[in-house]
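Heads up, there are several structures right after this.
Below are two complexes that have subunit A in common, paired first with subunit B and then with subunit C.
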Partner chain A sequence: MKRSGIASIKARKGKDRLVYWFVCLFSFLAMIPLFVILYNVISKGYKNFNLNLFTKGTPSSMDALMAKMNGEPIPGGILNGITGSLLIVGMAILFSVPIGLSVGVYLSENRKHKFARIISFLADLLQGMPSIVIGIIAYAWVVKPLGGYSALAGSIALTIMMLPMIIRSTEETLKMLPQSYKEAGLALGSSYTNVVFKILIPSGFGGIFTGILLAISRVLGETAPLMLTALGASVVNWNIMEPSSAIPLLIWDFYNDPNLVEMVWSSSLLLLIVIFLLNGIAKIVARKWKV
Partner chain B sequence: MKDKIFRFLLFLAAVLILLLTAGIVYALVSRSTEAFGEYGIWSFIVNPEWDPRPATEEYGAMSFILGTLYTAFFALFLCIPFSFSVALFNGEYFKGMKISSAVRSVVDLLAGIPSIVYGLWGFYTIRPLIIDLGINAQGFGIFLSSVVLAIMIIPYASSLSTEFLSMVPNNLKEGAYSLGATRIEVIRHISIPSSLPGIVASYILALGRALGETMAVTMLIGNTDRIPQGLRDTGNTMASVIANQFGEADGFKLSSLIAIGLLLFVITAIINMIAKLIMKRVSRL
Partner chain C sequence: MEGITNQNGMEPVLRFIDVSVSYTPGVYAVKNVSTAIYPNTITAVMGPSGCGKSTLLRAINRMHDLYANIKTTGQIILKGKDVLKTDPMEVRRMAGMVFQQPNPFPTMSIYDNVLAGYKLNGIKLNKEEKDEIVEDSLRNVALWNEVKDAMNKRGSFLSGGQQQRLCIARALALKPEVLLMDEPTSALDPISTNRIEELLLELRKQYSMLIVTHNMSQAARISDNSMFMYLGELVEHNNTKQMFTKPRNRRTEEYLTGVFG
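What follows is the complex of A and B.
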C-alpha cells in the first residue's frame, strides 16, 4: 500500500464507498436482462399459449396468412416440435446416461492412471466444443452415410453434448464420497459390482441426477446442431430414421416466416418453462440428496 | 468373474470416449481435405474472399475468423464490468449471505436461456435500441451481436471468478484490515492479486463460449461474407456462416464450411486448454 500514506483518510473512505456502490449497481444491472427477457416472452407469448399449442401441428404459412387476414388466431400449434424434442432428447438420454455414468465411475475409480487422465482431458475438450461443430460431426457420421437427415442424427449430436456434462458431474460427485464407504462395502465381502451399484451410485445420487437434469435442460434448447442433422418436419414423426422437428427448430422456422412469426413467443415460453422447471428440480434434488 | 467383466465394461466406456474424440478429429480433417487440398491450408486461412458464384468460386476463412474475433473480444470487454461486479458482490462484499445466493441464482438462470431465445430478444428488443442510438441503420452487426453475447457470457465469467475470489484466505485479508486498509484496498492489494490467475482463467473460458456461440449471432450479425470494417459493420462469424450456409452447400463450399468448423474447433480447444492449465496450476497451490 504505497500510496495510502499520501491519500487522506477521507479520500480513501470515499473511494471505498464509491467502489461499493459501483459493484452493487453493476450487479443489479447484470440481473435486469433476465427479467426483461422473461417479461418479453411472457407478455408476447401468453396469447397463443393455449391447448392448440399442444394438440396441433404447425399450420401451413398459407393457413396462417388467411387466419391473420380474417383476424383469427393462428390455427395450429407445435405438437410436432414437442414430440420431436421428446424423441430426439429421449434417445440422447438413452445413449448418454449409461455411457456417461460408466465413464464417470471409471474416472473416479482410477484417478491416478495415466489413461484415466487422458480420458478426463478429452472430456474437457468435448465439453468446450461449439455446438455447431458437433452438428457437423453428426452430419458427417450419420446424415451422410445414411443418405438423409434423421431424428437419429439429431440425437447423436445431442449425445455428444450431454456426455461430457454427465461424465464430469458423476466423477466430481463420486470423488467427494469418503473412501471408507467403499472400503466398508468391500470389507463386508461385497463384490466390486455391488459396491458401485449399491453404495457408490446411491450415495452420490443427488449430484449425479442433478448433473443429468442440467445436461437435459442444456440440450433441450439447442438449435444449431439440429439444423444440420434432424432438419425439421411439419408433421408429427416417431420414426428415428426420418427428419424430425424440435421446439427450438420450430422457433427458428417461425422466425423466418412472416406469417407464423407470432408463434415464436408461445413456443419460446413453453421452452423456457420446461428448462426452468428442470433447473428448479435439479436444485431441489441437489439440496435434498447432498453428499 | 462378474467383477472382471464389470471393470472391463467401465474401461470400454472410457475407450469409447477416446474413439469418439478420434472420430471427431478424423471426420473434420477428412472432410476438410478437399478445401485445404485445393487452396492450401495457410492460403485458405488468410484468404478473405468468400465467393460461391459457380463461375468465380473461391473460398477463404479470414473474413469469418476476424468476424469471430471482433464479436467475441468486444463481448468479453463489454461483459467485464458486470461479471466482475457480480463476482465481487458474491465472493467478497456479500459472501455467504442470503442476498448473494439470490443474485447468484438470477445470474445462473441467464445461462439456462437457449441461444435462440437470446437471438429473438436481441432482434426484437435490443435491435430497435441500436437503431435509435444511431449506431447503424438496420441495427444488425458486430455491435448488436456483441451486446447480446456479453449478456450470455456473464454467468460463465462471474460464477468461476466468484469461486476463486471466495477462496482467498481470510487471514491475509484480516492482516490487511488490521493495518488499517479499507475494503477496496484489501480487494485491490490482497483479493485480486491472490486470485488473479483463476479470474483470468474464468474470463478465458467465457471467451471460449463467445467464440463458439451460434444461433444468437446468426440472427443478429447481418450475415455478410466480408471482413467487417469496424464494430458498426455487419459480418459473419465462423459459427454463423456454417449455420447459415451449410444447408444448401455441397462440393467445395461444403468442404470449406467443414474446414471452417475444424478451425473453430482448434481455436476453442486451444483457448479452453489454456484456461484449464491455469486452473490446474491454481488448484495445486
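What follows is the complex of A and C.
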C-alpha cells in the first residue's frame, strides 16, 4: 500500500512536469505569429518610414511608378490618413467616452435592476457585433440621411464599436471598488452625484482610462466600417461633413495598387507603433493608479 | 433607564422612539427600540452577530436609504430634529460615521481626506480656514505630529491604525453632533486599538459617541453606557459598570458571561 503510494507520487510528479513543458511550448508557439508580423512589418516598412510619411499626402500611382523607375523613393506619405484617423477617432472618443462612462456608472450602481441587466446583455451583444455590420448600420443611419460619406459617419461607426469596451471597463472597475468608499462619501453628507464624480470615478480612474485606451487602439485599425462611412480621400480633410481618409483605409488602397504596395508596410509600421504605445501607456496607467 | 450615565444632566442628544427597521416586510432587524443617548458620553452597542446593532447605528444617519428594500419606522430625534423626516444629506452632516475597515479616499491626499466632507458638499473655504480645520482635526485624533510633513501623500500610505484615525478626523472635520462607529477597531492590531480607545476617551469631552463593538472588554474599558441588543430588541441599556456587574436582564448576564454570543 505504502509503496504504491510512493510510486503514484512519482508518476504524478512526472505528469506535472510534462504538463508544465506543454504549457510552455504552446505559449511559445502562440507568440510566433506576433514575432513574424513584427519582423515583416519592421524589415519591409522601415525603408519608407521617413519624414515624407508624416508630411505628404498620398502620391498618385503615376508619380510612384515614375519614381520607382528612376530608383527614387516613393514621393509621398500618409498625412491625409494620419489627420483623417485623428479626426475620426478623436470625434469617436468625444462621443463614446461620456456615453460609455455614464452607462458604466449606471450598470455598476444598479446591479440588480432589470433594465440594467438588459443593457448589460445588449452591451455584450454589441461587443460581439462584426464591424462590417456596424459599418452598414452607420451607412444606413448617417451616410444616407446626410446625403454623403463623411468623417462624422465614420466616427459614429467607431463610437458604436468603442462603447461596449468603455462601458464594460467602467462597470467592472467601479464594481471592484469597496462599497465603503461610497458609503463613507455619503456619510459625510455628500450628494450622490458628487460621490460618483469626486470619489468613485477618480478611484477607478486607472481601470477606466485603460479601457478607453484599449478601445481606441482597437478602432484605430478598423477598416471595414470606415469604407462604408468615411470612404477615404486623397487630400488632407478637416471638415467633418466631408469624406476623409484614415490610416487603415490607406493601407487597403496601397494593397490594391501595385505601384504603391510598398507603402503598405510603412503605414502598418506606424499603426503598430501607435497601438503598441497606447497599450504600453494603458499598462503603466493601470499599474500606477492601482488603489 | 434610570441608571444611564448623563455626565452633566443634560437633554439627550439623540433619542430613539419606537424605532424599527425591516429588510423584508414583516421581518424586523431592529424592533421597537426606544432609548436616549446623552451628550459627552460613549455608548457601546453590544450583542451577538445579527442582533441588529449595526442596523440600528446605520438608521441614525440614514444609510439605509441606499437600499430600497430597507424600511425604517419610528422616530429618531437628533438635536431636536426627526432624522427620518429631515433631508438625509443634512442628517449625515450632523452624524459622522466611522466604518469597520479604514477607508480613506484613495485618490486624495491626507490633507484632502480631512477636508473631504467640505469638498463633497461644495463648501468653499479659503486657505487659512482649510489649514486650520485640517490641523485641528488631525490634532484631535493625535495624528498631526505623525503626518504634518506628509500632508500631500495619499491616505493609503498610512498604517491601518493611522488610516482609521484619519477617517475619524475626516468625520470630525464637519463638527458633527454625534459620532457613529461601526466596530472601528476590529480590523486593527491591539496597539492601534489601544490608541483609538485613548483617543475616544479624549474626544468624549467634545462629542457624543455610539460605538458598535463585539469586544466586551473594549465596551467595559471605554464606554459610559452600554446597550445590549438581542434579536433586534434592545434588551438593556444601562450604565456600563452596572451592566457588567449587576445586569438586570438574564439575557444580558448570559451574554456577558459567555453562555451565548
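Here is the rule we go by: the second predicted complex is superposed on the first by the 267 of 291 C-alpha atoms of A that agree within 3 Å, B and C clash if a C-alpha of one lies under 4 Å from a C-alpha of the other, contacts with A are read in each partner's own complex, and residues count from 1 in each chain.
Definition applied: a contact is a pair of C-beta atoms (placed from the backbone, for glycine too) under 8 Å apart; a residue touches a chain by one contact, two chains touch by 3 or more.
From a predicted model like this one, the values you see are computed outputs, not experimental measurements.
Undergrad: Counting only touches as set out at the top, which of subunit B and subunit C does A:Trp238 meet: first, second, both, neither?
TA: neither
Undergrad: Of the two partner chains, subunit B (first) and subunit C (second), which one does A:Phe54 touch, if any: first, second, both, or neither?
TA: Touch status of A:Phe54: no partner.
Undergrad: Comparing subunit B against subunit C, which has contacts with more of the residues in subunit A?
TA: The partner making contact with more of subunit A's residues is B.
Undergrad: So, A:Ala184: does it touch subunit B (first), subunit C (second), both, or neither?
TA: In the superposition, A:Ala184 touches subunit C alone.
Undergrad: Name the contact category of A:Lys198: first (subunit B only), second (subunit C only), both, or neither.
TA: second
Undergrad: Find the residues of subunit A that appear in the contact set with subunit B and again in the contact set with subunit C.
TA: 191
Undergrad: Give the list of subunit C residues in touch with subunit A in this complex.
TA: 61, 63, 66, 89-93, 96-97, 99-101, 103, 105-107, 116-117, 119-122, 156, 167, 170-171, 174
Undergrad: Write out the stretch or stretches of subunit B touching subunit A in their complex.
TA: 2-3, 6-7, 9-14, 16-18, 20-21, 23-24, 27-28, 31, 81-86, 88-89, 93, 103, 106-107, 109-110, 112-121, 123-125, 151, 154, 158, 176, 179-185, 187, 189, 205, 208, 211-215, 218-219, 239, 242-243, 246-247, 257-258, 261, 264-265, 268-269, 271-273, 276
Undergrad: Help me check something: in the complex, which residues belonging to subunit A touch subunit C?
TA: Its residues touching subunit C are 178, 180-191, 194-195, 198-199, 202-203, 205, 291.
Undergrad: Given the complex with subunit B, which residues does subunit A contribute to the contact?
TA: Touch residues, subunit A against subunit B: 1, 4, 12-13, 15-16, 19-20, 22-27, 29-31, 33-34, 36-37, 40-41, 99, 102-103, 105-107, 109, 115-116, 118-119, 122-133, 135-137, 139-141, 160, 163, 167, 191-193, 196, 217-218, 220-224, 227-228, 248, 251-252, 255, 264-265, 268, 271-272, 275-276, 279.
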